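Next come the structures, one after another.
You will see two complexes here that share chain A, one where it goes with chain B and one where it goes with chain C.
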Partner chain A sequence: MTEALGLEPATRDALAELLLATADDEFVIGFWDSEWTGIAPMLEEDVATSSVAQDEIGHAKALYELLGELTDEDPDRIAYGREPDRYRHASLLNHRRGDWAFTVARRYLYETADAVRLGALARSTHQPLALLAGKMRREETYHLLHADAWLRRLADAPADVRARLADAIRTLWPDAQDVFAPLAGEEELVRGGMLPTPMRALHADWQARVRPVLEPIAGPLPDAAPRLDGRDRRSRDFAWLHGEFTSVARADERATW
Partner chain B sequence: MVSPPVIDPVERRIWDELARLPDPEIPAISVVDLGVIGSVAVDGDRVRVELLPTFVGCPAIGVMQQQIGERIGALGVAPAVDVVVSYDPPWTSDRISPAGREALRRSGFAPPAPMPAGPALGQLDELAVLPIAECPYCGSRNTTLDNPFGPTLCRAIYHCGDCRQPFEQFKRI
Partner chain C sequence: MSTAPAERVWEVFRQEDEGAPMVHAGNVNAPDDELAMHYAREFYGRRGESHRLWIVARDAITELDDPDLLKPPFDRSHKKPGGYIIKHKLEAAKQRALAETGE
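Showing the complex of A and B:
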């Protein structure tokens, strides 16, 4: 497959890193959201959160399949066959779901960052990725509107709710930057247009978009930049989630799906 | 989506067959009227069908691939049938045919409103989620959006203020 794509090994590895990082973000937030299924604050929200979770895990699946074509690996093995320290999601997604305000704050931070990233990926010179990102964007618009509606709703709620939301935003702010953590071989991807805009520029776009929304709620947010190890930090919360989402696959590793 | 002009009689037979294959989640509409068949190409012993998923994470994709393959296989027109997932072009709700929209309405689904026209289509940061849909039961527009998310990825939930029925809309996307 790789030969068919005509990629140099260094380019292929960098592209694999981009696909894996993006897929793992979608996969992990999808599983965190699915933790609300059955216990969301109201029935309508139960349906909505579950639907969003299903979208995200579906996006991850499609990205793992693209990656599998690149590296000749089985997408299910990539998704479920790794130890926790091999996942490449951003540190924003290391936290457990927390209370509803925490979930809303994280979802807003993630959806806005994902929208900026997808805008770039939809212009990728790697055509299969550009097409998939273009399709995902249309679906993510619904997520973005939903996250935005909840953020505003909690921001307009009584003081104790607003305080929880503000606390969650301040807690998550440093880790949210890491969605734009530099990728190994990123220069290679930018040069070839596979990632048409560098992560640091996407990060600046994202900050310019969210600060004016978040600061009236949470107060001035500190200067913050993506960390070099922003996708290498794993947590006990994630180790727990990993145990959950791999439990069926581990129960019978030879099962077919 | 109306199937494109087809010259090859084998391709014509395949389109006709798929026009009778119901969508697995909403059986009132065929996969052709839903617009998820992107292309059909016959090349010697092989048939290649491009399937355009309504949603990337739609859990019915595998079932659709299998059913499309079986239906074409049963025609006996070619020994090999490949049904591949494609996002080129991306499926949008504008691909649902007029007959498909009517079939949706008759089975209690409000058809999606057309996407706004204009060069920005597909690059919009916000596709407007419409607060109103036409009630498929009584035709009223006195309706409210209860939830932009529904029982499957492609459906939203509304309520009709006149006939007091909840109903679903196939999402505009």
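Showing the complex of A and C:
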């Protein structure tokens, strides 16, 4: 709180936007992937996928708490108390989970983008965020290895599986860019080192990293850039998911947990 | 998936702390050693309960369970430490040593 009070309002709002965007990404992918619980390809993978999804929701919780300290809001209300159009996740996370190849493609795209973003956040001049990002990275390293293992596994699978994976990559490619959509007040954050690298530069790093992996699987991928409204595009799929993940919170808004 | 490759069984051993013995924890099914490592971590390490895991393909284990080799039909009690009664010998040795230093 004390530190939050020391921030200029413009800086605080920009920081809040960064925290909310990152938290919502983690929150929404966590809920989508938890849709595999009970029906993943095999029991061991069921536990692994569910555990990763739970980790993501745990990261979202930590970020919502950081945000709550900054804006003096209840983290649970931030997580569950908003209308669907107030969520700030990237359009990559607007799609329902799809089949296993689609989930693997999305997780690979997201985990790689998240790794690049966390690399920058771990160097943030906002100490609480840098510390949290450092902790998250330790877990995300494993998430990335897991997503990467499955991507290679499906890429080496027979033609029908490989084709599903390639289709999913091509479908998700334009939306994946939006993880790096420009944030309101971003210049302010970059100037103060709270976001030490601008989203545009992080996006370039990420593309340089994933193109050489994805193009041998999916063929040449078109030029694509993050869109200005990349975090404002909502979907029917997300409206459904929102109904699911807020259903318990809405059942009794005064309940304490 | 229709094209899922054959799964193998991997036996998992865990160590609670550095220096503690590796203890058999259980097993996981996985198509290769990479996913076996991930699954072993999820089943036997995700709560911070393990310092180290060993993940071994069950078919890489040499098993011996032949009773002719493990449960021989003759009395082999002399191969157990309990087969030697050395209490009195030790006592005598102590007395001798004492007597020598006493001189």
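Just so we're on the same page, the second predicted complex is superposed on the first by the 253 of 257 C-alpha atoms of A that agree within 3 Å, B and C clash if a C-alpha of one lies under 4 Å from a C-alpha of the other, contacts with A are read in each partner's own complex, and residues count from 1 in each chain.
As a working rule, a contact is a pair of C-beta atoms (placed from the backbone, for glycine too) under 8 Å apart; a residue touches a chain by one contact, two chains touch by 3 or more.
Given the structure is predicted, the values throughout are model-derived calculations rather than measurements.
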Fit or clash - chain C, chain B, common chain A: clash
First (chain B), second (chain C), both or neither touched by A:Leu145: both
Which of chain B and chain C A:Ser51 touches, first, second, both or neither: both
Touched partner set for A:Asp160, first chain B, second chain C, both or neither: second
First, second, both or neither for A:Ala115, with chain B first and chain C second: first
Winner by number of chain A residues touched, once chain B and chain C are compared: B
Contacts of A:Trp100 with chain B and chain C, given as first, second, both or neither: second
Partner chain in contact with A:Pro41 - chain B first, chain C second, else both or neither: second
On chain A, positions contacted by chain B and by chain C: 44, 47-48, 51, 142, 145-146
Complex contact set, residues of chain A against chain B: 44, 47-48, 50-52, 54-59, 61-62, 115, 131-132, 134-136, 138-139, 141-142, 144-146
Chain A residues within the chain C interface of the complex: 41-45, 47-48, 51, 100, 142, 145-146, 149, 153, 157-158, 160-161
Chain C to chain A touching residues, read off their complex: 1, 3-4, 7, 28-32, 34-35, 38-39, 41-43, 46
Of all residues in chain B, those that touch chain A in their complex: 53, 55-59, 86-88, 90-92, 122, 124-127, 129, 146-151, 153, 157, 171, 173
